[in-house]
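This is the structure I want to talk about, given as structure tokens.
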Amino acid sequence: MKKVYPDPTAALAGLLRDGMTIMAGGFGLCGIPDELIDAIRASGVKGLTVISNNAGIDGVGLGKLLDTRQVARMISSYVGENKEFARQYLGGELEIEFNPQGTLAERIRAGGAGIPAFFTKTGVGTKVAEGKEVREFDGESYVMERGLFADLAIVHAWKGDTEGNLVYRKTARNFNPMMATAAEVTVAQVEHLVQPGEIDADHIHTPGIFIGRMIHVPAREKRIEQRTVRQRKQPEAAAAGGGQI
Amino acid sequence: MKKVYPDPTAALAGLLRDGMTIMAGGFGLCGIPDELIDAIRASGVKGLTVISNNAGIDGVGLGKLLDTRQVARMISSYVGENKEFARQYLGGELEIEFNPQGTLAERIRAGGAGIPAFFTKTGVGTKVAEGKEVREFDGESYVMERGLFADLAIVHAWKGDTEGNLVYRKTARNFNPMMATAAEVTVAQVEHLVQPGEIDADHIHTPGIFIGRMIHVPAREKRIEQRTVRQRKQPEAAAAGGGQI
Amino acid sequence: MAWTREQMAERAARELEDGFYVNLGIGIPTLVSNYIPEGMSVQLQSENGMLGMGPFPYEGEEDPDLINAGKQTITALPTTSYFSSADSFGMIRGGHIDLSILGAMQVAQNGDLANWMIPGKMVKGMGGAMDLVAGVKKVVVVMEHVAKGKDGSEAPKLLKSCDLPLTGTAVVDMVITDLGVFTIDKKGEGGMTLVELADGVTEDEIRAKTEGAFKVALA
Amino acid sequence: MAWTREQMAERAARELEDGFYVNLGIGIPTLVSNYIPEGMSVQLQSENGMLGMGPFPYEGEEDPDLINAGKQTITALPTTSYFSSADSFGMIRGGHIDLSILGAMQVAQNGDLANWMIPGKMVKGMGGAMDLVAGVKKVVVVMEHVAKGKDGSEAPKLLKSCDLPLTGTAVVDMVITDLGVFTIDKKGEGGMTLVELADGVTEDEIRAKTEGAFKVALA
């Protein structure tokens, strides 16, 4: 039972078909499975439904699949930084379903955990709840949301052993762990490939059971979307920030 | 904002009252917050509803609160190894609500994550589903289960920093991480107390936000419920086992 | 000659496939791990939060923090990972475990399973059994063909319908007893089929000891 | 004189308490972290999966794997923990975050909030805003009191009811504008109350620039 494939194209062989649903990990450009996205682009598969928190930026990440019009529909929470996305969306070439970020994360987690539906406060009384069941529990209103399960998930991890046990690094974890659980087949790209036993079993974020195939992608330069720094002379400026408005 | 208390009694001061609901981590005798259980016993608080996968064994773990009749009701999945439990239950002194183990785990996780209810396949068509809503999704039947939230959760961790960031060890993790999220106040006992920064931020299982108070419990002998071993001369006997029947 | 416990476990092990993730119940199912074919990668899951379960520890090397779902001390392997009970049952409920092998009190011809309580007796609880049978891709029951009473009487355990409280409805794919092997078309209308006889066991003997209806399709 | 952005942030910082876990939106809310009182322990949450957010990195020390929810490079602290998006929003939805400070396009007198889309304009998505306002214990909006049009016109943002699509219903506890501070009894019938005036701002000026009904209870 070999999970490690020599390259992204080999790892995706036989898994791609037009009209399929693909989950892609990452938040912005952080923790995105970019080598696997490249291979999907090269495959020419089209009419895809892509579930991913964001849509990349022009020419980077999922932006690459938008450029080639391989995506028919996105399920995302925020797509702010992509001009090609806006063009296709406004032109009616691309459908988008916006989910609140936490609802999206929970829908994916539910799909992977055999939960077909759950209730959440998020979005009650807003466009998000339109057409969905709203129910009261203990005097508060909640909207019912459905689990999400894809044909294929592609994820990026920092380290992985050949059994498929994965460790993510810092905020590059984001959507990757849930997506790994919520697809017929999950393909992982790992920056560091090690042997079983080299990762402390208490530190594993994604157990190997969820990983069907994997590739080793030795470090290449990662893109930064918003490079914010402080000057050494200045007093420390704080750096809080939120995705909402 | 000091989270570290000098001893279990101090850590529980002001948190205990008759008739309250307490979640207690652990599976069997593995990863149980025994020092905190001792302090609850010493407090004399009674009429408790206790949510815990098991009920300890006679005189150990939650068994100590059964001996003193402080528990009025248990929500558990399996209580096989406790004679005093059986006596009180058959005598009508103790109520028990059995939950399938996975449903119990998910109800606690839901309670901590603001999910008031979810659907699961587990228990459909059995006693567990009686009186509950059963609904079809995509041709399969699911039963609706409610989230659980307690007044107090007590958990056991291997290591914790003074900010309350926790790491569990091996299968002593079990129910502890979800319970830490699903109570008004969570009190943790940790075997190793360290300073912030001494635990790799990628290895933290429970972020400090969930921990209201904590105590340091330097290692003492842990009880083993079923000591199973192999002989050195023999070929390796395998050791699979399941809690069901 | 009916099969021994070891032979039943050996037969159950033939349901394993390379790369499988498997949950084994206590009793005979536990013995299945002794018959994993050489060179086949099979990872055992323990529902209390572990994947990649190793053998029992050598005496003196027991770790109280490392137990299986039967609360027995065990060991880890290089492939081992640990996780919470919520994640463990997410794995189970989400259909990620390939095979569950477990014991039963009764199985009905439609795949209903009863193995957690006997009315009037002290109820210990269902533990993870209901989650396992509802969530795991393939469920194999290994059990004695009949229940033997103290008075020597024999009661069939393969029934038209279970009279004990159910653990799950239409969940069993295969039943391995000391007398033979049955498959159950739990999702369809195909019912139960006898597919193998233990050495020296006749179809007639099985028919006499089985209440549930079954077809015969011996290999 | 109306308050400056910095003064609004400083006022918002007075809602912080020792031991608070706080989520700050982008824009003015981000500035609040500059006004955390010395000696007060406040941990900042970033909804993409981090608790204990530090300042921006020094030039050359940016880490592409370490960003905040605004996708800006940031740093960690000794208290930092990382987690998945599901765990992050479990934390938010489950009511574990004490305070969320965020911007808004419109707020209604009952606490309704609109800050994610303008019909007819390109919709970028709500990101985590709906989850934050629904889940966080206390929601403080920091915004300009009126929206200024390109033609110099001014439209009130504190309304009887929002006309933009909502982010959440009855979710706002407090609104800090450049002109003053309002509290909102979002769970009850108490409505909106003006509780502070910015230096040199009069009740009349606020009344002229506010559509929503409010009581006055200046300290």
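Residue numbering begins at 1 within each chain, and the chains themselves are lettered A, B, C and D in the order written.
Quick note on the criterion: a residue touches a chain if its C-beta (ideal position, glycine included) is under 8 Å from a C-beta of that chain, and two chains touch if they have at least 3 such contacts.
In this text, all values refer to a predicted model and were calculated from it rather than measured experimentally.
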Practice item. Name the chain whose C-alpha centroid is farthest from the C-alpha centroid of subunit B. Key: D
Review point. Given the two chain pairs B-D and B-C, which is bridged by the higher number of C-beta pairs in contact?
Key: B-C
Point to revise | For subunit C paired with subunit D, centre-to-centre distance based on mean C-alpha positions, whole Å | key: 55
Practice item. Quick one: report the Å distance separating subunit B from subunit D, using the average Cα coordinate of each chain. Key: 36
Practice item. Averaged over CA atoms, how far is the centre of subunit B from the centre of subunit C? Could you give it in whole Å? Key: 27
Practice item. Let me have the rounded angstrom distance from the C-alpha centre of subunit A over to the C-alpha centre of subunit B, please. Key: 32
Revision key, fill the gap. Subunit B residues touching 2+ other chains are 106, 109, 113-115, 120-121, 168-170, 173, 201-202
**Study point:** For subunit C, residues contacting two or more additional chains
**Key:** 76, 82-83, 89-90, 92-93, 135
Review point. What chain pairs are in touch here?
Key: A-B, A-C, A-D, B-C, B-D
Review point. Okay, in this complex, where on subunit D does subunit A touch?
Key: 23-27, 29-30, 32-34, 36, 44, 46-50, 53-59, 61-76, 82-86, 88-90, 92-93, 102-105, 112, 115-116, 122-132, 134-135, 165-170
Exercise for review: Give every residue of subunit B touching subunit D within the complex, in rising order.
Suggested key: 1, 109, 111-115, 161, 163, 165, 181-182, 195-197, 201-202, 204, 207-210
Practice item. Note which residues of subunit B are touching subunit C in the complex, please. Key: 27-31, 53, 76-81, 86, 89-90, 98, 100-106, 108-109, 120-128, 158, 168-178, 205, 222-232, 236-245
Check your understanding: Contact residues on subunit B for subunit A in the complex?
Key -> 106, 110, 113-121, 137-138, 140, 142, 146, 167-170, 173, 200-203
Study note, to complete from the structure: So, in the complex, the side of subunit C touching subunit A is made of residues 18-19, 21, 41, 43, 45, 51-52, 76-83, 89-97, 135
